[in-house]
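In what follows, a single structure is set out as structure tokens and then discussed.
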Amino acid sequence: MTEKKRTTIILFSGDYDKAMAAYIIANGAAAYDHEVPIFHTFWGLNALRKDEHISVKKGFMEKMFGKMMPRGANKMGLSKMNFAGFGPKMIKDVMKKHNAMTLPQLIEMAQEQDVKLVACTMTMDLLGLQQEELLDNIEYAGVAAYLADAEEGNVNLFI
Amino acid sequence: MTEKKRTTIILFSGDYDKAMAAYIIANGAAAYDHEVPIFHTFWGLNALRKDEHISVKKGFMEKMFGKMMPRGANKMGLSKMNFAGFGPKMIKDVMKKHNAMTLPQLIEMAQEQDVKLVACTMTMDLLGLQQEELLDNIEYAGVAAYLADAEEGNVNLFI
Amino acid sequence: MTEKKRTTIILFSGDYDKAMAAYIIANGAAAYDHEVPIFHTFWGLNALRKDEHISVKKGFMEKMFGKMMPRGANKMGLSKMNFAGFGPKMIKDVMKKHNAMTLPQLIEMAQEQDVKLVACTMTMDLLGLQQEELLDNIEYAGVAAYLADAEEGNVNLFI
């Protein structure tokens, strides 16, 4: 019996372009039959937010963070040339022209390919994000679960 | 005899949040009995600076860099939502509320757990940082030492 | 017969300092006889651009991207303390003073050491970059080629 290969990704970044890179690698690895967990931590958690407003009880600071952070993958900015939101529009226009998949489509494809989407519970606490606000069918875990996956990983990336 | 697992981290970033992620992973890995060297290079060296002013002889450019860069982990900014220093205050407030460890505490814990803190001598030269300005009980090395550690590492991350 | 060790790098970043770190690690690994492919994707592609203007047919958006992005390694900005281009000048001044290699020199050295420079074709399409605009003697590939290299890699970094 041959063991499955594994690619693990920590998605720390909340940038549209970096999240795209993460999900393109993840979908590629899944297509080559790797096990692929993506651990979303800090700003990377925003890629997992539902795009509608979810009413949950929060403290003042948590509400502030909730308002200031992008609600879902489609609203994330670029790491470079963001130009107050103009950059993401440009990128999305060229992506459309080249029939490239958008970030929300890449995330959907990852879920269909059984990429394991994990939200880091420690940083959810810090940023005041609750499970109701995040996509369905994701997992919740901490650094121990990440290390258990990564120490047997063939490819481990921090993005 | 079973060999020890190893997690290596290059901390390139000088952002408070990214350094937190690095040290949380490092402390987690050390708790699972991994060998954990963290190579601090470029802006990541600032996490190792003492927070008081240390009087050392420097050229003009080196003095400029020294003044412009944050003096120690506690003074580092955020990679996102820094808002001229308001963001770090918000994050530190929520961390306090959730009894999360601060970055200086995470670094102290790493030292207690025998995480090997390494300063990259080549970038120390470039940025004009001298050993007297950095924390005690750290090591000094270059890319060759990093590669020797990383090529046998289970998990290797660039943060 | 012993197998060659391998260090793979994804260079996503278009920052001078991050690209320097990538190429210092790559040259170090090549000196220790590793196979070293560097996959340039998104803004990292700019490190491979020729510095002169190359006349190629492009659509409007592609022309815009071409104009807004730095043309070649020497024109890239810093990830920190860029100060509208003043930061790179400072760094380059101290590098000169310390006889450190510039980024274009590091890239040249990498080519001499047979580091495999790869341009990601998918993001070349997105950003409208054409082969004529990039350095000679590089390779063109996608995520599948990256994964094939990385899954046997000793050290895999995303920079």
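Quick notes
The letters A, B and C name the chains in turn, as written, and every chain counts its residues from 1.
Keep in mind that, in the parts below, a contact is a pair of C-beta atoms (placed from the backbone, for glycine too) under 8 Å apart; a residue touches a chain by one contact, two chains touch by 3 or more.
Here the structure is a predicted model, which is why all the values come from computation and not from measurement.
Relative orientation of chain B with respect to chain C corresponds to a rotation of 120°, obtained by superposing CA atoms and rounded to a multiple of 5.
Counting the residue numbers that touch the partner chain, chain A and chain B have less than half of them in common. Mean C-alpha position of chain A lies 25 Å from that of chain B.
Residues of chain A found to touch two or more other chains are 156-158. Taken in their complex, chain B has these residues touching chain C: 10, 12-14, 41-43, 59, 61-62, 64-65, 68-69, 122, 125-128, 143-144, 146-147, 150-153, 156-158. In the complex of the two chains, the chain B residues touching chain A come out as 5, 7, 17-18, 21, 24-25, 28-29, 32, 34, 79-81, 90-91, 93-95, 97-98, 100, 154-159.
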